[in-house]
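Below are structures written as structure tokens.
Note that chain A is present in both complexes that follow, paired respectively with chain B and with chain C.
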Partner chain A sequence: MRAILAKPWVWSFFAAGGVWLVTIMFTGGASTLGLSQAALTFAAFSIIVGLGQMFVITLGPGNVDLSIPATMTLAGTAALKVMDTSDGMVLAGIAVALAVGITIGVFNYALIKLLRIPPIIATLSSSFIVQSAAIWYNRGIRIKPPDVLSQFATASTFGVPNVAIVALVISALAWVILEKGIYGRWVSAIGQNMRAARLAGVPVDGTRFATYVLCAVLAALAGFLLSCFSGGAALNMGAEYLLTSIAVVVIGGTAVAGGFANVPGIWGASLFLFLVVSMLNTYGASAGVRMLFTGVIIIGVVVAASRKPAA
Partner chain B sequence: MNKALVLSVLTVALFSTTALAETSGKRIALSNNYAGNSWRQAMLTSWDTVTKPAVEAGTVAAADAFTTAENQATEQAAQIQNLILQGYDAIVVNAASPTALNGAVKEACDAGIIVVSFDGIVTEPCAWRIAVDFKQMGRNQLDFLAAKLPGGGNLLEIRGLAGVSVDDEIHAGIEDGLAKHPSFKVVGSVNGDWAQDVAQKAVAGILPSLPDDIVAVVTQGGDGYGAAQAFAAAGRTVPTIIMGNREDELKWWKEQKNANGYETYSVSIAPGVSTLAFWVAQQILDGADVPKELVVPLVEVTQANLEDQLAVTGAGSVTNVEYTLEDTQATIAAAK
Partner chain C sequence: MSFLTAERLRLLVPVLSLALLLGAVFYLQPRTMSYTGLNLLFNLAVPITLATIAQMLIMMVNDLDLSMGTFVSFVACVTATFLQSDPIIGFLILAGCIAAYAALGVIIHLRNLPSIVVTLGMSFVWGGLAVLLLPTPGGTAPDWIRWLMTSKPPLVPMAIVASVLIAVVAHFVVMRSAIGVVLRGVGGNERSVQRAGWSVVRARALAYALAGLFAVLAGMTLVGLTTSADANIALRYTLLSIAGVILGGGEFVGGRVSPIGAVVGALTLTLAAAFLSFLRISPDWQIGAQGAILIVVLALRLALNRREARGTRK
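Up next, the complex of A and B:
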């Protein structure tokens, strides 16, 4: 029990579970299934972008990717336009979304490395370019996803939403490369001390490069899934995921200063962020009260998670 | 009364057509604070469609559009100062803030420049305002519902972006409507931020806790399609969802209408209101007597005109009306 409580991610699950319980109590349990499915569905998108952001933040102070919303928008827009509602073009659409992600990731790291721009500025400025590209490419026209994709994104398998299953598969892969693979060790080592990592023979540039590309690819994938799920891409569709992606990393117990990451916390935090809004909506809190409570609860969870266990 | 109105419209139309040449040397600029959604894109396209022929015909010398990158009042203030230095005769502005641009607008007025604000209006008294009656948008929704569902019932309200004045105004209009039709009751309220995906997420979150007898959803535009998707995903019968003239909303409505006779109502303002502002500026430069406060006409889509309105709504856009010089003169005359 003690060992479990010492894990930084366990608090986000406590918080999510508590909020879930309070919300279903409102209807005496009648909303259990509906609320759980909705939470898994919408948390899935935050989880996918959150995982990418987690790897970037783990690289150490100053590393953050602010181009996630623009990447989501461009990937969704471009993929849907290429597929043009045709079921036969699904693979091409996925390829386009991934290509968008890889290109933006490479571009971001080129700005950071070759032009020596701090990541926060580099990714912010590239997000303007990417967002403009999305506006120019499709002028905000909403093209429907192919039927097969929109059915897949909105359906459930054995009661579990398909998008949550996709998020689970990606999370499992992320967990393996973080905890078991050499790449995860390198990322953590760079975040703990970049100079020491370099002296120890860690390929610092290659690892950072791969991390920014990975983050952009995950954002592109999330944008692709979200636009299939919500019936089309919109120019402002990624906007709320900028802060969300950072919030789920922090609430999930990943160190903001870098060096220590964990995958399960992203799940707890993503479910929590969705459920807390649902809870306050359910109890009829006004928007002001809702934001106030969300802020207070987040502070509480982060404080609880960052407390060092008594020796 | 009606006859007098028609007469005055005709008179104004008659007089101003003869004075067209007066503005042929004048230059008009559009200062726009944001371009990142489909409504604003349509607004800029309409501006182009209407002003280009006007420039070619020599009605005005130039009608250039400028958009700021960051949706910041300070940036737009600097932009307006640049436009003053460039010597434009009139500046048409969709403002980032009702008050923060007042300094720059006053400078423009002092330099003898006509300033016409629309949609996002400015409070500086020297400027003209073409404002939207957002409260009326809220009241219309309840009036429609009262006629369609005389028995009343439970409502879900989707609000816009918290803290923005437009959200408060539409909400106040809905409250007015609820007071007028007390058989309706709002049992749940969420913020959809005028975006389909945000609305879908918020509705999906509250829906499991809501009673089964939701008869209608009152909205603010840009959120109806997302709400419909959330209801369908939860396996519930989709209630009467008020729409906001977005193409995806109207298309969905049309599909439902064909499939099961679905009935609803849709209201918003046309992005082409930028062209109304353009002609108002042109009329003021022309010496016409234009009241400082004008009201943008609401564009309504009903069961009867759905097909026609959908036909004039561009893919991914909002039901649009581009105003002609004559429309504008009628609006001006009506405001007198």
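Up next, the complex of A and C:
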């Protein structure tokens, strides 16, 4: 029990559970199933982008991917346009979304490496270009996803939303890669001390490259799922995930300075963030109050989780 | 060669980029080569410049402010409502904002928190407050701010006079004053500043408070130009201000910043938007072209830095 309590991610689950209970109590248990399903569904998207952001942040200070929203939008837009509501084109659509992710990831790292730009500025600049590409490609037309996909994205299997199952599979893979695979060790090693990692023979460039590509691919996948779930791609659909992706990583107990990551915390934090918003909704809070509380909670969690600096 | 110090060399790329861009705009649209033309070109530069200086002060102590855009928006909302109807309450709120920034600096320092995350949280707080204050766009700019921002000094337009003034003030505070040296030292080597007997907490609080002050001025001048405010009026400023500092030769770590460079960087970004519209680039690609300009300037800087490194090796 003590071993579990010492994990950095348990607190996000306690917090999520607490908020869930408070909300259920307020509604008298009427919406238990609906609330849980909605939480799993909407958390799934933050989980997928959060996992990618987690690997990037773990690479060390200064590493963060700001192109996630633009990548989501472009991947969703391009995939829906290629599929053109036809059920037979589903695989092609997925391929297009993944190709968009890979291209953006490669471009991001090329900027970081070749121009030696800080990742924040590199991913920011590329996100401008990607965003423009999405506007140009989309032309404001809203194309519906193929029926198969929209049914899949909105349906549940044994009461669990399908998108949450997808997120679970991806999280399991990410956990294996992080905890058991050599790649995860490399990412953590680079985040703890890049110079030491290089001297120890870690392929630093290759690992960082793979991480930025992985993050962009996960963002593309989340964009694809989100556009299928919401019945079409919208130009601003990724906007809220910029802050959310960073927030879930931090609340989930991953070290912001890099070097230490954990997958379960992303789940706790994503559920927590969604549940806070829906709790405030059930209390009838306005949009401003909801934002205010979200901000106060993020800061409160970070302050509570912080350790006193060594004297 | 004493004229070409490293500090001045760092300024070369931003100044050259600005000159090049200005030349291109003049070439494309010769009518901008006039008082009114310049005034229109640089109209929105003043708030962007002030926000960029604010961001630079935060980056000087190795932090980053991701709440700049929402904070400037919130200040704009306060300016267009309270500052107009009850000036005393308005000024108290704005003073409270500056105090809040100082408090942030203290918390970030004492608990050793990542500034990115704390300011990310603050961006929700400021955004929420702004929405509560002005749920729909509205409000009116106080007359004196409106008068100040639309005044027409002889010979040189207001925006340029103000930019030069901001650059000079920031330059003296950051580069020439004793406290500026300490503040930059916190970014360069915190421990040595501490060992030299300075309070790092106080220094960081001061850096944040100064940043808050400049950001408040950014919000006030913005309302002076737009005459009304809304909760999302300045969201772009977060990214613009970071890009402006970097374009102007600043670094993310090490306390290496350049106030004059930051002002030039902010002006370059302002001008880039005008340049693109003169090029008749389809609006679809305007944001993308701004990203491309950013990349090109950074590539230029890399080339120059390499030359600089080669020069010192000789």
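Operating definition for what follows: the second predicted complex is superposed on the first by the 302 of 311 C-alpha atoms of A that agree within 3 Å, B and C clash if a C-alpha of one lies under 4 Å from a C-alpha of the other, contacts with A are read in each partner's own complex, and residues count from 1 in each chain.
In the analysis below, contacts are C-beta pairs under 8 Å (C-beta built on N, C-alpha and C of every residue); 3 or more make two chains touch, one makes a residue touch a chain.
Since the structure is predicted, the reported quantities are computational estimates derived from the model, not experimental observations.
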Legend entry - Fit-or-clash call for chain B and chain C when the two complexes are aligned on chain A: clash
Legend entry - Partner chain in contact with A:T23 - chain B first, chain C second, else both or neither: first
Inset, instruction - Please indicate which partner A:G288 is in contact with in the superposed arrangement: first for chain B, second for chain C, both, or neither. - result: both
Legend entry - Partner chain in contact with A:V277 - chain B first, chain C second, else both or neither: first
Inset, instruction - Report for A:V256: first if it touches chain B alone, second if chain C alone, otherwise both or neither. - result: second
Inset, instruction - Once the structures are superposed on A, label A:E240 by its partner contacts, choosing first (chain B), second (chain C), both or neither. - result: first
Inset, instruction - May I ask you to decide whether A:T157 touches chain B, chain C, both, or neither, giving the answer as first, second, both or neither? - result: neither
Legend entry - Which of chain B and chain C A:S86 touches, first, second, both or neither: neither
Legend entry - First, second, both or neither for A:T41, with chain B first and chain C second: first
Inset, instruction - Could you list which residues of chain A make contact with chain B in one structure and with chain C in the other? - result: 128, 131, 135, 287-288, 291
Inset, instruction - Sort out for me which residues of chain B touch chain A in the complex. - result: 35-38, 41, 45, 69, 159, 162-163, 188-191, 193, 195-198, 200-202, 204-209, 225-226, 229, 233-234, 247-248, 314-317
Legend entry - Interface residues, chain A side, partner chain C - complex: 62, 64, 111, 115-118, 120-121, 124-133, 135-136, 243, 246-247, 250, 256-257, 286-299, 302-303, 306-309
Inset, instruction - Provide the residue numbers of chain C that touch chain A in the complex, in ascending order. - result: 64, 107, 111-114, 116-118, 120-133, 135, 239, 242-243, 246, 252-253, 282, 284-292, 294-295, 298-299, 302
Inset, instruction - Name, in rising order, each residue of chain A that touches chain B in their complex. - result: 23-24, 26-27, 30-35, 38-39, 41-42, 128, 131, 135, 138-143, 154, 226, 230-232, 234-237, 239-240, 274-275, 277-278, 281-282, 284, 287-288, 291
